[in-house]
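Common to both upcoming complexes is subunit A, partnered first by subunit B, then by subunit C.
Then we have the complex of A and B:
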């Protein structure tokens, strides 16, 4: 156990080639680099390799397969167990989390190639690291919180049946990773912060609006959320391509949420029409 | 930069549960909050917590449980090393904290009657753990994150995400008046002014290489405070969880419910002359290992408990057999075997954790035994903090009054012997104006933390002690921000610029990733489950060599933007410095207590060591000086911690034999085996 380099190399049973799209900033000096990384298979050694452990290997040995010394790859990472959403990127063209992408599964044979690219719907900070600030900003637009009166002790919250809890729990698992946005044909990159308020909110935020509207206290600000989703960039921008639900690693029922909010927005608009607001 | 003199500001460093709760409390009181985090706060390490959060509740109460019992269990679990007033206050606040989280919309699991569901957890005979699926930490985080976002829209909280805290700014009076931080995208370094600073930066798992922690948990922020004069409490107390999945990059937690449902721990071995010896082919396919070549290590040594022995015992045993060369494949792994159980039952009872195993190992635990190993999990130690006991504590301390634990505990009539809610120093470090909340605070858990008490302590710190920050700013720091001359800020920024330039200019052959890996290896080997004088000394030598090699390091990346190579290399330096008090604290503590186990001093020694270890940084030698502080034990007299006596096979569990508070306290504490992490 002297260092990562040797221990992996000695026990290594095969080599996986990484093709990585690098950049010094958004659209700055975009280039591809290739690295050969030795990996052990899952049943041997100290646990199976995944894309992050290979990026860690490259960081400790920043040399391309052509022998050029480079810099470690820059990327976003946190929990390493697919609950924080940080490490989202395009792996072999598909958007997913790098930490739960096992090499044994996605590159089982010697010489297999894995391509890594940054998400395309968000500006690149550097290499595989993108800035998803818009996603968090959009949550503000839809008042994505329960409007409690403050932190003083006012007793328990509203009661809820196990069935209701199960539906809300599923929606609450959204880790703001952005896979659904990357996969959505209607969600386009928007670098200008000024336009974030009118650009499409995307599936995750629509689903969050449903989550808060379902909560007894959250429902008191239902109108604010429906107003936001009625405006430009709201739920009507969705083209119903359903790519989002297939891309979501947490299996959040996004199309159900979109349909539910679509109906709610329609009812909301009709009511507004008749009440003359 | 002009600062509005009328506006008082508080900086919170860290957006995990502790930092978010603290930000909310301070913003609610009307002060502007600047919230710093390495990552978008929603992605903080707290999202990893699975099992739940403890609090007395009505069902348990009617079975004889109480806030007092929760308090006592926590002390007993922690081997009485914790100051008692803060623990007393925390456990009495716990039910209110659950109510508040409930109001914020946390989807807690529900019973058929729509009440909050409860599960059993280690260290208690009562169901007192509230949970939200197997992702409780994530759900609590999101609820607090949402409230913070709400304050953001009102302009009361400003977030600085992808910013790294580099050091506290401390003026000539020894007061903390701000911080220096760096934008991880542009690499800009600048100072921020504040009337008070809260450090809520979580634990130091990465000092041990691979752990169950997230990659941000380097302990670097705590180390930087320590290097600037903040004392560090109980550094040697590190919790190791018995069952984690070894991974190439991380040790992912495998809940203890796998053993609760019948999982068996074994290693391949050969019995020769009645003695187990390592197997000649330890890597052979597990299902082909003959039955008489399987050593069920826990069942053999602990016939009554078998695989459900308490965490620290299981950890020591697993660690021990691997050290003796019995590990699977000759490595650091043992089998946790569920394959003898019916598939359908496993899916129904353990579906969630089986899924994690499948996802990350790529194998099906219903077909192949899981390979697990203990993993560094939590730090009881952290920045040393002070507090003010409530008015009546002294009477209990002096023996004038005593807690009558035979009457039914009424939380509304509880004596005022916890914390003074109006004090301005609760969880403030030895530096005025610098507070520490959450895992980075050394309070509450003593020698070992009970499962599901960490989330509680994080939120309690934020909500309760956040009030102290408000008091401090109101009373002691009036308009401090505007009054301070710019020079001290500029000097601090200059110091960090110099440090960066120096790191960038190094040109040796060493690599920071390799140094960190070796630090992790030696710390895990010598300073986790089993420690002794020789090993700790070896580790000190090793760390000192690593420090020398660190000086011979060079960065592969010297660019001036988004340079993660630089931030990592800088953190590695801080980890090396933090390793020193962890080792020296362990060396000096010549006893065994909680998670600190020294076979060369196998017994607890209250006479000499019922004391907090305090490590102080010596800027000249770069080493720690160890001293001790008395533990405040005025409420419950420390007693022997012996879980084997409290529960034998077939002994009552919470569901079938609720106990009255009148039972001797030692007997009411058991080792529940249900529940997750």
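Then we have the complex of A and C:
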């Protein structure tokens, strides 16, 4: 197969080798497979290949570079423009979105190798597809939303200052992709759902709690979020390695959010100590 | 959760904050006092009044082979040691420190074990600091146990020179403990000196980095800029303490045992011993061993070391 693709290679076309870690389930039948994929440089006018387009190429004809016929590789994908976070995986060992990983950038030369692995902090469903349910459960645990339900029309919310908007706009870009959790040495895989309530919530959720606490209407349930973040697995479980802010594809100031929530929880707990509420 | 929350879970926040607090008060404050006190074995040289009790009528200091500089250094350090020993409620201060260290250590080990270092994959500076914070904690804990055991609780089996600690002879016994021998270094002494260097360096890093992370934990430094600025302050604190710790170590390792012994004896009123040590050093250079027994500090000096 690889011989065929190389022989028909035209100017500007090269072969990139994909090493992919596959599995039938979490820790089930884990194996590595290699595929050679022909790619055309973006400057040739046909658009840049990315990791997802290469996975689609493999799916069209799933044959390894040793000529072995296999099955299409399973992966999660949604928007294809780095705003949904579904296709997050380890690419050459670093966590990022596959859709925004351009082959011209990460494998510019003929014969370059790209390694794909599923995220390690979530259980694998199949191949590169992981189950990030814990992340969404944790958002629920910290009441990471604005309460707008009422028995009557609540009217328009209070005005927000431009300064607050500036901060909150950046925080709003979080897509719950899990890059910060994958890079965090304090966030570990937890398969037992029973433990999700006491395991570390991670940077994304702490930042979301800050996002909703800063919201004029969201602030009405501030106490719920601060209580949740002061419990086991809350903001004090952070070890300040600060990998999260480096790994975040949206460059959200996660370490600032952690410190801001550390401050909020400190004040909240001191008030609670003296007021008893 | 279906199970009842454990004690640890119910008081999670309080325990975490107490862990952070004890690292600074009292442990960190004690570390600063301890290192600055010990560094007087070098910086005591600029303390012009330290040698006054040893000055003869003509204003010259001459105790054994020791001159003005050494008299100031040992004089200052001995004065500090005596000051600490005369503190009221010293035993309460000690108990508070031991309890704080025990609490910080037990919970620290537990918290450290809740993470998995990943510097291989994410080799960022901050990640290395995180990993180093945990390792220096482990090393520092073992070092503190050794340090208190040998110099406070009187363990002699881990002391190459088998000499128990004596407050009245703090300078000389510490020099002998670090070198493993009163005079030249022994093999065991090399290990003790390396252990001290590693232990002291680890603990200073652990403290300085701990002050930096505590500011984030408590929410004192929020913006990235503030964290960076505070980082420089903490690095400055760390380097200053490294300077104090390393100079103390170098000062004791280079200390002339017999000369320090004479100064201590002159300061703490055992003139007989001061004379005997001098005699030992000057008159019987080839006598293999000479035992001088004091009230409660058995002491061995060997001839020919000078």
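Worth a mention:
Note that the second predicted complex is superposed on the first by the 257 of 277 C-alpha atoms of A that agree within 3 Å, B and C clash if a C-alpha of one lies under 4 Å from a C-alpha of the other, contacts with A are read in each partner's own complex, and residues count from 1 in each chain.
The rule is simple: a contact is a pair of C-beta atoms (placed from the backbone, for glycine too) under 8 Å apart; a residue touches a chain by one contact, two chains touch by 3 or more.
These numbers come from a predicted model, not from an experiment.
Because the two structures share subunit A, they can be overlaid on it, and in that overlay subunit B and subunit C fit beside each other without clashing. After overlaying the two complexes on the shared chain, residue contacts for A:65 are found with neither subunit B nor subunit C.
Using the contact criterion defined above for the overlaid structures, shared-chain residue A:222 touches neither subunit B nor subunit C, since it reaches no partner.
Once the two complexes are laid over each other on the shared chain, residue contacts for A:78 go to subunit B alone; subunit C is not touched. In the superposed three-chain model, the partner touching more residues of subunit A is B, compared with the other of subunit B and subunit C.
In the superposition on chain A, A:176 makes contact with subunit B only, while subunit C stays out of contact range. Once the two complexes are laid over each other on the shared chain, residue contacts for A:14 go to neither subunit B nor subunit C. Once chain A of one complex is fitted onto chain A of the other, the partner contacts of A:26 are absent, as it touches neither subunit B nor subunit C. Between subunit B and subunit C, an angle of 160 degrees opens at the CA centre of subunit A in the superposed model, to the nearest 10. Once chain A of one complex is fitted onto chain A of the other, the partner contacts of A:265 are limited to subunit C, with no touch recorded for subunit B.
For the pair subunit B and subunit C, the least inter-chain C-alpha distance in the overlaid model is 15 Å. In the superposition on the C-alpha atoms of chain A, no part of subunit A is touched by subunit B in one complex and by subunit C in the other.
Of all residues in subunit A, only 93-94, 183, 185-186, 188, 194, 197-198, 200, 230-232, 234, 236-243, 246-247, 253, 255-256, 258-267, 269 touch subunit C in the complex they form.
Residue ranges of subunit A in contact with subunit B, taken from their complex: 1-5, 8, 24-25, 40, 42-50, 52-53, 56, 59-60, 62, 69-72, 74, 76-86, 99-100, 102, 104-105, 125-126, 129, 131-133, 136, 139-140, 143-148, 150-151, 153-157, 159-162, 164-165, 168-169, 172-173, 175-176, 212, 215, 217-218. Contact residues on subunit C toward subunit A in their complex (touch as defined above): 1-2, 5, 8-9, 12-14, 16-17, 111, 114-118, 121-122, 124, 126-127, 129-131, 133, 213, 216-224, 227.
Against subunit A, the residues of subunit B that register as touching in their complex are 24-25, 28, 39-40, 42-45, 47-48, 96, 99-100, 102-105, 107-112, 114-116, 132-133, 135, 138-139, 142-143, 146-147, 149-150, 152-153, 161, 185, 214-216, 245-250, 252, 283, 329, 331-333, 356, 359-363, 371, 463, 511, 513-514, 517-518, 521, 556-557, 559, 561-565, 568.
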